[in-house]
């Protein structure tokens, strides 16, 4: 739109390619884990059945995972793509719906790493309201160059940061399904 | 909001319970199958990587399945819930992303039934642009009373309509994954 | 979906009408004003121009206003509709876009009341990132019975709570437009 | 994500700048006007009040306007940005909500031009279901270079195409408001 005052010359001045690929300057140590990403459920998220519409659920899973990138690597997807030249496109996702989500309480999405590959990363999420499990999910993403979309190895300091998170995340939640 | 002129007393006059459960008056015979549900991909569906944002993909899968209900049963989800007293909440979904979706062509989502149970229904979708497979998905939903949310057997004429669709849908697509 | 453990019999047990109309038990005094509702902007909110897609902006304005209801009246829209029998449908909205929104910082949406009528309420919002004004908006909503959708006077204790907010909100922001 | 087969080297191969600014090769003559953009309203578009959630309404207005670009100029926003080097960011929008939108019928959004400036364009939309006016809207957008975000004059053949549309669109609808 107008009058850019951007600190980095990206994001406020139109379409431009991602910057050159670059790692974190040092590994990051996350203090506590797993990250619990909190979401306020709104009226517009619900359908006439008076519960959250299904398509919001994978969307919330992804929001929690984007929150995890910011927490673990210090970078949201905008920053990892445009400033670090790395894309992390999803290869697959799967969600199980255990009980309805409503606006009566915050949605708490715990985020775990279930697999760290050379150039791929799998997350597991478990979301609950007031201690009641609402849904669980599993996703896998690839690391690629943001401008070329070719697979790349996860850079060293990012890998070490992820390993540090894994060391602290505790046990992966059992995959509970609806009876 | 205002000045309702509604033909059915529902939908334009505020919150009210679903009507009593009722089946179709007769089975419906679908002419051709599988249904191909067409979606126009917009600018706002894309992210800065210049391809559709991942969370749109399960959302489009669900839209195609809602289109299938209208095609196969003559009822969208609003009608099946409020007029026929039946909810069809999803129990699980899983999607594999094979190649990016962009606004350069229509998205064509073919919809198949992979399993018809006593009170559950599993769909499989395969979505492509210009003949290139973009994603595939699998979902399972339960049939429940819309006001009580208890599982119910799929009513007879609905079941026959679904069986008629299955008979014409052709072979289920093989599940292709990204290499 | 399943296994309701709901404290109120609403929201986890299927479609049901709103409860009878009821006011707050007492007026609420809000401590500080204006409310600043904070939003984390995500990758999926941005379009290929590398800024937030326009349609998110009225959606964020509404989220901030729903946050205001929770702050000022202690009720989100789900609660005011289903537990208090009151709907607040919008009659109009208007937004001016001053500078782009990106994921580089939180979006801070300040919420003001510009008019309190007998059965209508007008909000003004001003949203900024890092002190830079991004957009402003104006909305008007009607108060109606949730089940009948007929206009009703804003109940006394809700009105007093809103008046208390107005008394503390400070001066309405000037409507800045893009040059 | 993978295996690009793209005809233009854009959209399937990662983030890249927009192409150089270019006009249409010739003006386009639209046959009939106003364009009526049709939208299928889904279950997930509705909130627990059993009508479309308000934030969908500006979103649908924008979809109809993107449909108008494709109809009038032969280019959706993805193509005008990436292939023609032109962005069209919105400066403002305003919508009036006259009666609820539901999934009981298609939503028909008629699109008009209310003002064609040197580098700005104002649209008016009027949306109805089964002949009942649901909402009306007004928007203004600027034409800018997609890579620099500086205002530019609307290129000649685009301007002639728009003038041709205006000549055929008929009378602008009166702005009806809710009583």
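In order of appearance the chains are A, B, C and D, and numbering begins at 1 in each one.
Everything below uses one rule, namely that contacts are C-beta pairs under 8 Å (C-beta built on N, C-alpha and C of every residue); 3 or more make two chains touch, one makes a residue touch a chain.
If you're wondering where the values come from, they're calculated on a predicted model, not measured in any experiment.
Taking the CA centroid of subunit C as reference, the farthest chain centroid is that of B. Averaged Cα coordinates give subunit A a centre that lies 27 Å from the centre of subunit C. Spacing of subunit A relative to subunit D, judged by their CA centroids, is 32 angstrom.
Along subunit A, residues 1-2, 4, 12, 14-16, 43-44, 46, 48-51, 54-55, 59, 62, 78, 81-82, 87, 89, 91, 97, 100, 146, 178 each make contact with two or more other chains.
With chains as nodes and touching pairs as edges, the resulting graph is complete, every pair of chains being joined. By the touch rule above, subunit A contacts subunit B in their complex via residues 48-49, 51, 54-55, 58-59, 62, 78, 81-82, 87, 89-97, 100, 146, 177-178. Those residues of subunit D that touch subunit B in the shared complex are 1-8, 10-12, 14-16, 40, 42-44, 46, 48-51, 59, 62-63, 66-67, 76-79, 81-82, 97-100, 102-104, 132, 178-179. Partner subunit C is touched in their complex by these residues of subunit B: 1-2, 4, 12-18, 43-44, 46-48, 50, 53-55, 81-82, 87, 89, 91, 142, 144-149.
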